[in-house]
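First comes the structure, then the notes that go with it.
Order of writing sets the chain letters: A, B, C, D, E and F. Residues in each chain are counted from 1.
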Amino acid sequence: MSYMVAEQKLLNRIVIKLSGSLFKWDTKASDLKDIIQFCKELKAKGIQPILVAGGGEVARHYISLGRSLGADETSLDEMGICISRLNAFLLISSLKEFCYPIVPKTLDEIAQSVESGKIVIVGGLHPGHSTNATAALIAERVGAKLLINATDVDGVYTSDPKVHKDAKRLRRVTIKKLTEILMKGKMNAGAYDLIDLVALKIIERSKIPTKIVKCSIPNLMDAIEGKEVGTTIQI
Amino acid sequence: MSYMVAEQKLLNRIVIKLSGSLFKWDTKASDLKDIIQFCKELKAKGIQPILVAGGGEVARHYISLGRSLGADETSLDEMGICISRLNAFLLISSLKEFCYPIVPKTLDEIAQSVESGKIVIVGGLHPGHSTNATAALIAERVGAKLLINATDVDGVYTSDPKVHKDAKRLRRVTIKKLTEILMKGKMNAGAYDLIDLVALKIIERSKIPTKIVKCSIPNLMDAIEGKEVGTTIQI
Amino acid sequence: MSYMVAEQKLLNRIVIKLSGSLFKWDTKASDLKDIIQFCKELKAKGIQPILVAGGGEVARHYISLGRSLGADETSLDEMGICISRLNAFLLISSLKEFCYPIVPKTLDEIAQSVESGKIVIVGGLHPGHSTNATAALIAERVGAKLLINATDVDGVYTSDPKVHKDAKRLRRVTIKKLTEILMKGKMNAGAYDLIDLVALKIIERSKIPTKIVKCSIPNLMDAIEGKEVGTTIQI
Amino acid sequence: MSYMVAEQKLLNRIVIKLSGSLFKWDTKASDLKDIIQFCKELKAKGIQPILVAGGGEVARHYISLGRSLGADETSLDEMGICISRLNAFLLISSLKEFCYPIVPKTLDEIAQSVESGKIVIVGGLHPGHSTNATAALIAERVGAKLLINATDVDGVYTSDPKVHKDAKRLRRVTIKKLTEILMKGKMNAGAYDLIDLVALKIIERSKIPTKIVKCSIPNLMDAIEGKEVGTTIQI
Amino acid sequence: MSYMVAEQKLLNRIVIKLSGSLFKWDTKASDLKDIIQFCKELKAKGIQPILVAGGGEVARHYISLGRSLGADETSLDEMGICISRLNAFLLISSLKEFCYPIVPKTLDEIAQSVESGKIVIVGGLHPGHSTNATAALIAERVGAKLLINATDVDGVYTSDPKVHKDAKRLRRVTIKKLTEILMKGKMNAGAYDLIDLVALKIIERSKIPTKIVKCSIPNLMDAIEGKEVGTTIQI
Amino acid sequence: MSYMVAEQKLLNRIVIKLSGSLFKWDTKASDLKDIIQFCKELKAKGIQPILVAGGGEVARHYISLGRSLGADETSLDEMGICISRLNAFLLISSLKEFCYPIVPKTLDEIAQSVESGKIVIVGGLHPGHSTNATAALIAERVGAKLLINATDVDGVYTSDPKVHKDAKRLRRVTIKKLTEILMKGKMNAGAYDLIDLVALKIIERSKIPTKIVKCSIPNLMDAIEGKEVGTTIQI
């Protein structure tokens, strides 16, 4: 733990993009207690975590329903942002005095709320941005020392591991290489692949130290302590 | 239909509190198309509907989860309001040009949005108020000619019809009588019974013509056309 | 004073609903200096007071004038809120650096302002809520350890002491008993009786320790120090 | 009345600064009905009145009380603005559908609200500006064709008519002459004399046709119809 | 012109992204009068133009200065957005009554302002989005029938025409082809190339008819009238 | 430097109105580094500087362009305010953690931001006020112990030193005398002379210690340390 103390100056503000998979229709209080406890521990160690909650299953429910009803895509993005903010507020209302008491809704509000020194939890900010891109923008604005993308895969692979058995996880990857991998994926993939290129571009322009890990407390702790885990983006 | 034309001057603005039961986890687009179509028809007849969406099942999911995580009750109310506004926005994004394009969040914003002459759809406004009370306040503020509480029972009964087989639906009920019925229920009932007394108080002080009907398009139309349906509050 | 020190952890945040009778047309600076000094002393003892100012005589003037001019009741509530906020600002502008420098207007703004650790002073928040109910919601949202209703009677009586000579002040009263007393009063009383039931409901759902005392500095201090004064609501 | 019709193109938007003397502690509904009726008549003639309400006696009460309590002067200005907005809202809540339904609080909000084509009523906007200067800024921003300062004197005099018996009312006065008169007055006068020079400067830079009249319906109508009344500022 | 009349139902709302090159340090009033006049003419024909102004040279000045002073990239984006909004307001203040009177700052505000039926002019909305992507989001949100990117090149070329003499302008291009061209360019290019992929993705998901033309009034008119000009994106 | 320590209680909050001449079209990072460094040093000494940035050359460019395009004068003021805020943000984004992270836009927001104890930097607040008057209002609202007007002349002269060779700088000047000097100047001078009378009036009513100095770091330091520099207004 003395390692942590040595690190804490460097790692004071850390932005963590939480996997939307934490927020499901059948999520129970027990599923969220670990992440809540983890935030308190980081805080106790002098680290200020800034969490970006995704929308998860409930967001997808509304987006799907809205699309069937003829809503435009920007409005569907807004629905997803609404749920991601509610997910953020859920964590806030449990963390109470350890946490800034509202969900900031703009970069300016985030800049003001981190002044409190408390844990800050946000959802999405603006249509057209993935929560990944949002997390990268926040990391830029608050001068975060580390950006962690806590996702549901355990890092970046040379190709889709579900399709290609010989796909290998990359421990380190350059922006250029990662862009190529994403572009290949884009041609036949989900709605926001490309927009994650925005996140990548922001990471590149600001040289934000970034790690992609599977969402679990041990992985998050390893990423913060500088241990080998997931994929590190070379900047 | 000529009846409608004769009425429309009187009935120009109508506030309808929509049952939260429209918004379930398994709600499909087809479940909402009737109410959407109904709004357009009212609009075509020169009536301006102001809908107040409830939170329904998704709101209850978040409130239950939040309570397990230790959230305070005011914050739980805010979670419910958040979902009710998302439900409102879902309808707005489907109604498009027939509807005011955002969900107003305060009585002032509602007062401004009804100026557009378009359909206006809102969710909850403030912790501590049921959507019933909210609907009554809105009816006061915009000078509505009718307030309809579209709920999941078909009116007011002399006692709880699930318990007492001889309970009778009341076609008309005074404020005083309804208060007595509600107070009896309060002693062993759900969280917002009493706060519906607030709605009642608002209806009383402003003498807003009010009907309580089971949520269905024929019932809503009957209520608007002045036909016998549900329970009418005598003011 | 060692008593206070022992208490202060428990009593850190206290919500005090100030009687509107402090704010009259002929109120002089000297009438408010005691309450201002009292707030500073609480602060010095490590207690964070959150005051909720009522509207008082000036509010009633505007409400009466507005009603004569045909204003709707929701707008009249808004007029009362406006004056209650001005009363709050009057105290703020006198307390200066001891006090959060603006009047928060929403529960979210209140949650942010109490973060400052300073005295926070608000007025009403939303039409349809008495300042009593508002104070209870605030107590919920900020996790207050005590709610004091500083009013112009010295507690709850078995019946109206102005009418019934044998009415007795209750030192302790259950929610159920108090509800019964209020309901009896409602049938022939002022506009907000019933809405105080909302305050009661909120106190019940969150089990907020609550005392009703006649507004005076000694009474407030007794209530905070846990001495016998006014009426305590049993939760 | 055909005169009016001919004028209405030119006079479409008129800003009227209402004397604070309309809003006294003992103001009754009947004292305000004339101005309310007058606004409706202007609207019927195709003129869009934009009224700027002063704070009057209640504002002075709070300012005096605040000063005794040690409030800074900017905060005292804010108290006056608060009451002037409440006075504006009083008129709005009576004018109902003839009037934009809220009190705009910034020049941008005013610009948006006049788009409605309805009567718009505001109070003060910003500390450090008299309501005269505020009215002039509004006239600039909305392109008003006439600015009327409805005050409690019947025009500009060569010197203070209360002091100098030979003081004469000026039917027309240049900006330069009026500045000289105001500067002489400033040396021993009330708090806002000088700031009325701001109003004058704004009138000068934008060449806004401006009249100063004693506040009465006949005078206001005369000023609008281009008849000889009060003092006209030569631009 | 009868062609226009036939088209106007289809083309009612058109989003035009204006080249930042209109807004230079030495821009004169005469440089902007054509675009102002053009907007009025569109309006007269029943088309509602929604203009998105870029930041241009002044924005680049501040961004460059800010970068030298150590500002983070998100803050630099905010500086660019600030100037683009000022450029928008410049046009608004000249268009006066033909135009919505303020610069909307969020998609919700844009949705409300287009309700006026007037010309609407905005700048950037959020850091991390090019004005191209912003224009595409706006087109989605308001249901625009056409999106025109008025830029300083006359369309999309097979490769960079400044480098490759044999580069050919494409009259039509698929999303897939355009993505490939942009990706090639990205590897050695300016900061926002990639983010224009966001614009492309939005155009793809909502199938917004889109044209890229060199910024001139004849080109804009040709694009609106459906004539062959610049490059059309095949959707 | 022990002098400073002794002073710091008295001088805790200082409002400095920065000359617009710092912000030119050819301003380079090196031109602003001194003022940035100076702010950090003040902060280190326990002084909280509140800077009010002017608009300078870029503001004048937009105002001139807007006037040619027919913008009203209030809108031109708004353009100047927009650029002054951008200038403020430029300094903020360089001062980073030493500085409150956003530009407050109202007196209320300023009151809240100074609570942080950090350097606060603002631009203009409201049309019709010079940045001088704005700085004076801010000094009132935050209880500043000193107001410094850092301008491009080295103090107040008996007459215009560019015209009259025998004009003498005044080391001290009364409000009355300064008003007379300003009034003489007004008759043939620039747009905001008179409005500086507003600043003067505010200084008078609140007795804010005020100095007018030529904008340079040594001068600012001398003014703060109580040394003889520029012109001191006698209050």
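Note that in this section a residue touches a chain if its C-beta (ideal position, glycine included) is under 8 Å from a C-beta of that chain, and two chains touch if they have at least 3 such contacts.
All of these numbers come straight from a predicted model, not from anything done at the bench.
**Q** Spell out the chains that contact chain D while also contacting chain E.
**A** B, F
**Q** If over half the contact pairs have to be identical by residue number, which pair among D-E, C-D or A-E is the repeat of B-C?
**A** Repeated interface of B-C: A-E.
**Q** More contacting C-beta pairs: D-F or C-F?
**A** D-F
**Q** In angstrom, rounded to a whole number, how far apart do the mean CA points of chain B and chain F lie?
**A** The separation of the two C-alpha centroids amounts to 54 Å.
**Q** What is the distance, in whole Å, between the centres of chain A and chain B, each centre taken as the mean of its C-alpha atoms?
**A** Taking the average C-alpha coordinate of chain A and of chain B, the gap between them is 38 Å.
**Q** Report the inter-chain centroid distance for chain B and chain E in whole angstrom, where each centroid is the mean of the CA atoms.
**A** Distance between chain centres, rounded to whole Å: 42 Å.
**Q** Could you say which residues in chain C touch two or more other chains, in rising order?
**A** 72, 75, 78, 96, 143
**Q** Quick one: which chain pairs are touching?
**A** All chain pairs meeting the touch criterion are A-B, A-C, A-E, A-F, B-C, B-D, B-E, C-D, C-F, D-E, D-F, E-F.
**Q** Quick one: in the complex, what on chain E touches chain A?
**A** Spelled out, the residues of chain E in touch with chain A are 72-75, 78, 107, 125-129, 133, 136-137, 140-141, 143, 176, 179, 183, 186-187, 191, 194-195, 197-198, 200-202, 205-206.
**Q** Within their complex, state which residues of chain F touch chain C.
**A** Within the complex, chain F contacts chain C at residues 108, 111-112, 115, 143.
**Q** For the complex, which residues does chain D have touching chain C?
**A** 25, 27-29, 32-33, 36, 58, 61-62, 65-66, 68-72, 75-76, 78-79, 82-83, 85-86, 89-90, 93-94, 96
**Q** Can you check the complex and tell me which residues of chain F touch chain A?
**A** It is residues 96-97, 100-102, 116, 118 of chain F that touch chain A.
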